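Presented below are the structures under discussion, each in the form of structure tokens.
Each of the next two complexes has chain A plus one other chain: chain B in the first, chain C in the second.
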Partner chain A sequence: MQQTPSSSTELTALEKVIAFVDERVGLKTIQAKMLNEPVPGGSRWAYVFGSILLFIFIMQAVTGILLMFYYVPTADHAFASTQYIIHEVDYGWFLLSYHFWGSTAMVVCVFAHMSQVFLWGAYKSPRELIWLVGLALFGIVMGFGFTGYLLPWDQRAYWATTVGVEIMDKTPVIGDFMARFLKGGAIPGQMTLSRFFVVHVMILPAALMGLAGLHIFLFRAAGPAGPFRGTPEEIKAKTDYFFPRQIWKDIVGMITVFFTICALAFWEPVVLLEEATPDPGDYHPEPEWYFLFLFQLLRLKMFGGEFGQFLGAMALPGAFMALLAALPFIDKDPERNIFKRPIALIGWIVVMAMILLFTVAAIINREFLD
Partner chain B sequence: MPSPVKLGLNVLWSTCWTGFPIKVGICLLFMALGLIHFETRIGLAFLMYLASPVTVFAMPILAMVAEPHLGEGAGIALLFLICIPIDIWATGVVAKTLFLEKLRLEPQEGLGMSLWLKTALVGALFMPILWVVVGFATETSISLSHGLFETEMLKAVPVAEKIGIELTLWGGASTTVLIVMMLLGVSLVGRVIRSAAQSAAPASGDYQALVTRWDLMRVPADQGLMLTATTLVGLVLSMLFWSGLPVSTPHPHECCKKPEVKAAPLYKPVDTLNKAEKHVAQLAAQVEAIEKQKAEEEAAKDKDKGKAGKAKPADAKAPVKAPATP
Partner chain C sequence: MMQPKLKSRVRATDREIGEVSKVIVDPLSHEISHIVVSMNGSGERQVAMTFVQSVSENLVELRAAAGDILELPPFKRDDYVTTHEVEIAHLEERVHVTPGEVLVPFPELEKSVKRRTFFMNFTHVIGFLIGLPIAFPVLRYLMKPMYSPFDNGWLKIGNVSKIKQDDIGVQFKYKRKVKEAYMPESEIEKNVWVLKVTPAVLDKVYQGKDMEFKDAFGKTVWTNKKDFPFIAFSGKCPHLGCGYKWRQHKVLGQVFLCPCHLSIYDASGKVLDGPAPRALDALPIKVSATGEVEIIDMEFKAGTKTQIRII
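Take a look at the complex of A and B:
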């Protein structure tokens, strides 16, 4: 016997739309795949950095697009248009400052995310590809910082880029080509600005979107590594789904980061120096804070001269990155507990201490120069 | 039973981070209200605030005895006061989890409150000692490393190398002392936790049941209410934020300072109308007076012309005096 549907089973307009889309794209399957991912050992605050990075990138894209409505990427208008954004556009100063502090937050979160993966031993088999793509993403984030720094076209931007490109020039074989390609002339000028702008707003975002998609895909294919301690029974007992606990932690993390960036933008807004000129005057060129350790390293006498500069600026960081890339293939021990991997633990502490030490030394050196 | 250091680290590390998202929200709100200033010692203030389960009582002691300037703004004291209920909750949740999952013990009633109180008291006693010892070690190592580079043999060392080596020397010494002192403090907190654990009864139920118990401690009783309240607070804060945010930069660059604009006097339509009416009446009276005077002069002229025409017709070309203005 056929039953007539009661009023309670009738679909609302929204449900009808969802059913329509679901029928065509399998919305419910996607939703189930996205939210019902098991998290071995349960949700943790340590896992929030990946989601936070994605959130920061989206916010950087939004603020970057809004800034592009006013920014003019030409040598004679870049500085003036940036000043216009800061002084004339409604909330322009806040957008620019958010974008600036967002880039810093992105670097901090990349370091935190990479440290978490390294300490958790989450780069080990079967997650080698996730680690490799993550390293490429790290390079892209650094590239964003380097190319974005030039765009305001003030003295700080101009001279940091000049130093950066000169360092790049020291690379054997491709260094000269890379430096000439980025500069587009004898000294940084219109061509440099145009190329940095294109790299910053076209090439790097496209590369980041593609690689971030691949990173997430590989992560979902291999599944989360879970905690490095505990018996399989304990981990199984604590295993939870991605929704709702991990999502809740991710959202809290995102809100915290959002308001922290807002606070920094509010209390420490971007203030430009004088317009870029080929004469540094009293200004001591300096890169962004996350490159300061490398900058200070190059001040050491052992890294003086052509070869020394190449060694300090390209060979050492290059070798370090190569070591990181080869890490999952060198370290094949399945042990993930960081307290049972003394070399990895000591290595991480030494690298972090070196970065901190050279960064602080650069700040002290700055005071000495001033 | 794990060692006191392990117990202390287990509870303190998680407690600090559990309460952190709530505490940082309050801190940002206070900064927005101007109760706390964004100052140069923000790093130290952040660490003290993060470790508020230990530093809550130590903070005023340090401010009185060792370091009067730990943060700017009257809100600092209020901030640490508001931290207390958050820290009690966080200590309770973390300690109960440790008792159930790691120690398989039944947590006592009011465990969070009693542990927080003891931890904060230990912090109040230990933090000033840590402050003095680490401060002394840092100052001594700085002066020693400075003195080392004043010697003839090391005077020729280039600046960058000198800064790096000095920093490594005093930073290494001071960090080692700090770590040793912190481990000592953590072990004291661990002993407090161990004494509480020794009086606890074994927990009943299998591992899965224990995990479910501590997991449910983190779930609010009324999730709908919690979500609604959070959304409303978020909305109010967002509106406050956007209404309080200046449209143009509060830090204008030298090149782009806006010229000072003098405010135009307030326009009062009734007053202006009355004033205009008076003015018009005055002008009308003046015009009337002029016209009257002109008419009188005309009349006088005509009279004079009539008389002169009869007596002296040759004087007709004599200059005529202009009439006096009113």
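Take a look at the complex of A and C:
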């Protein structure tokens, strides 16, 4: 659109094809629109996490589809087929390990992305809906983790699911129904595996694609928030378009994440425990590291007993998520500078410190069990 | 001040100099920052809005003389993209530069339709008529395996000769046959903890009363007598369902300890420490003359103060 080739030069065959398609689809306009988004205050490394998350998701989808070529979601074949992927199929160990470490990278980047938006005050008006959809996406990412690690059907898988579903069972009124619905019965078995498989490979990806699309649509509708300080003149002077500087930073971020995941997959490949049985043997059940703080929380006496457990497993995380959802509607002060929002800054530090503290405590506790 | 319109005539302090050919918008403030003036055949000039004195329906008056405007550098089209090529939200709501409304005729056939709202709602009703009858069958379809009757059959799990000492937890592993949906019958490994207990511990378990076990309809299927010295505890931790172990504890001596959330129980199943809401679940047990132990493999919901049987 912008640069129409001058009529004096002959078009090459490729240019003719591109022109043919563009005339019918308007690709150049779409591309220009996607790349020419003004970034107030200019590109920043802090803004890379959203793009990185999209990249990680695409890679999870690709590796996930490849894993399904050999994986069989039945109680008598899930473990064996996963072992086959790891030990027999060429590069199977790598694809499985990439998928595993990719999920970890996803959680890390979700935390980074949410922290950035929180600290920059970018959830405030008019971006409340982006924040809400983002929270739903956070739930979906956690759901991916939870449903994903049952699939290899080893001891870790079995116990994480057993405990996870028991926690869900404690939801008031609908808990028993929900737990049975997820398990497909009273105790974990084939029906549980089938259900988790469908949720992991069909329902959550569809939900994630829809909501991520909505997230980006809403983001484009509101425009980027930009830096939290600086006069309008300073911000204007530094403003550039999404392409090329921000895209360059995003791409560097993506390749860093890609090589980190590859390195982890290479040096710390996935190793299965024994096949799942209702007897843990010598295995000390433990969830994935990003659920460790919650796991450690439930060890506390104050979250013991029927009511305490409800407090620790449902009420506390539920109240925290509700607080996050209500945040843009409670915090109506347009001030976005994190250094002028002491409650937000202290709150963020406290939450991060608590998560770190409980995670470390859970790791230290391992020593006492052996 | 009004926004300058395309094709408006432009007048300098001394004379008319041309017409507005383009407007330039600031991408952050969404305000019009410049107008581009087509100078009656002497090219285009980019004129900042600060030069603009007033704007009326089709006239823009400048505060500078024609000569000053002509001296401005020519407008460089390549420095700009059109609004179609850039993503600026809600721009069209803020900038009104079209020289007039662009109209598309309403189709003839549509003009005679009176009940537009009715048809809109009717579409929704049809959607509901499709969705509603499916909702219940889909729910039933998914609920099929959720509830199954309790199995009150006895299972042989081993011989009491395995137990060498009183008040010590001994793990009995056994296989239980399960049949899920269309799947061939398979065996799953399970375990219970069996103890031969001294009368003091026995009294702590039964508290002077026989223990009754009921089926789904509340009918008693078995009674553990209060003076029978063998006790079997379900292998499932009543906190959140992990598998616990008989272990040496530094302070409490020999105890049942769950490695998940660190609940600790004594030989009678009583909670000594940790988050567990109730004691270990004793199961129906009988021992034959030859010492064969048989149990009914019941499971109870974890995390509740009272026992709720689930299988």
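We take it that the second predicted complex is superposed on the first by the 362 of 370 C-alpha atoms of A that agree within 3 Å, B and C clash if a C-alpha of one lies under 4 Å from a C-alpha of the other, contacts with A are read in each partner's own complex, and residues count from 1 in each chain.
Basically, a residue touches a chain if its C-beta (ideal position, glycine included) is under 8 Å from a C-beta of that chain, and two chains touch if they have at least 3 such contacts.
If you're wondering where the values come from, they're calculated on a predicted model, not measured in any experiment.
Q: Identify which of chain B and chain C touches the larger number of residues of chain A.
A: C
Q: Per the contact definition in the header, classify A:A32: touching chain B only (first), chain C only (second), both, or neither.
A: second
Q: After superposition on the shared chain, which partner residues are touched by A:R299: those of chain B (first), chain C (second), both, or neither?
A: A:R299 contacts both chain B and chain C.
Q: Looking at the overlay, what does A:L272 touch: chain B (first), chain C (second), both, or neither?
A: The first partner, chain B, only.
Q: Is A:G189 touching the first partner chain B, the second partner chain C, both, or neither of them?
A: A:G189 sits against chain C, while chain B stays out of touch.
Q: So, A:G318: does it touch chain B (first), chain C (second), both, or neither?
A: The answer is neither, since A:G318 touches no partner chain.
Q: For A:I235, select first, second, both or neither according to whether it touches chain B, chain C, the two together, or no partner.
A: Touch status of A:I235: second partner only.
Q: Looking at the overlay, what does A:I364 touch: chain B (first), chain C (second), both, or neither?
A: Touch partner of A:I364: chain B, not chain C.
Q: Could you look at A:G210 and tell me whether it touches chain B, chain C, both or neither (first, second, both, neither)?
A: neither
Q: Show which residues of chain A both chain B and chain C reach, each in its own complex.
A: 299-301, 365
Q: Name, in rising order, each residue of chain C that touches chain A in their complex.
A: Result: residues 26-29, 81-82, 84-90, 142-143, 145-148, 173, 178, 180-181, 183, 186, 188-191, 235-236, 239-243, 259-263, 273-277, 299, 301-305, 310-311 of chain C touch chain A.
Q: Show me the residue ranges of chain A that touch chain B in the complex, using the header's touch definition.
A: 42, 45, 83, 86-88, 90-94, 233-234, 237-238, 240, 245, 252-253, 255-256, 259-260, 262-263, 266-269, 271-272, 296, 299-301, 357-358, 360-361, 364-365, 368
Q: Contact residues on chain A for chain C in the complex?
A: Residue list for chain A touching chain C: 1-2, 29, 32-34, 36-38, 40, 74-76, 159, 162-163, 166-167, 169-170, 176-177, 180-181, 183-187, 189-191, 220-223, 232, 235-236, 239, 241, 277-280, 284-286, 295, 298-301, 303-306, 308-309, 365, 369.
Q: Would you pull the chain B residues touching chain A in the complex into a rising list?
A: On the chain B side, the touching residues are 17, 21, 24-25, 28, 31-32, 38, 158-161, 163-164, 167-168, 171, 207-208, 211, 215, 218, 234, 241, 245, 247-253, 255-256, 258.
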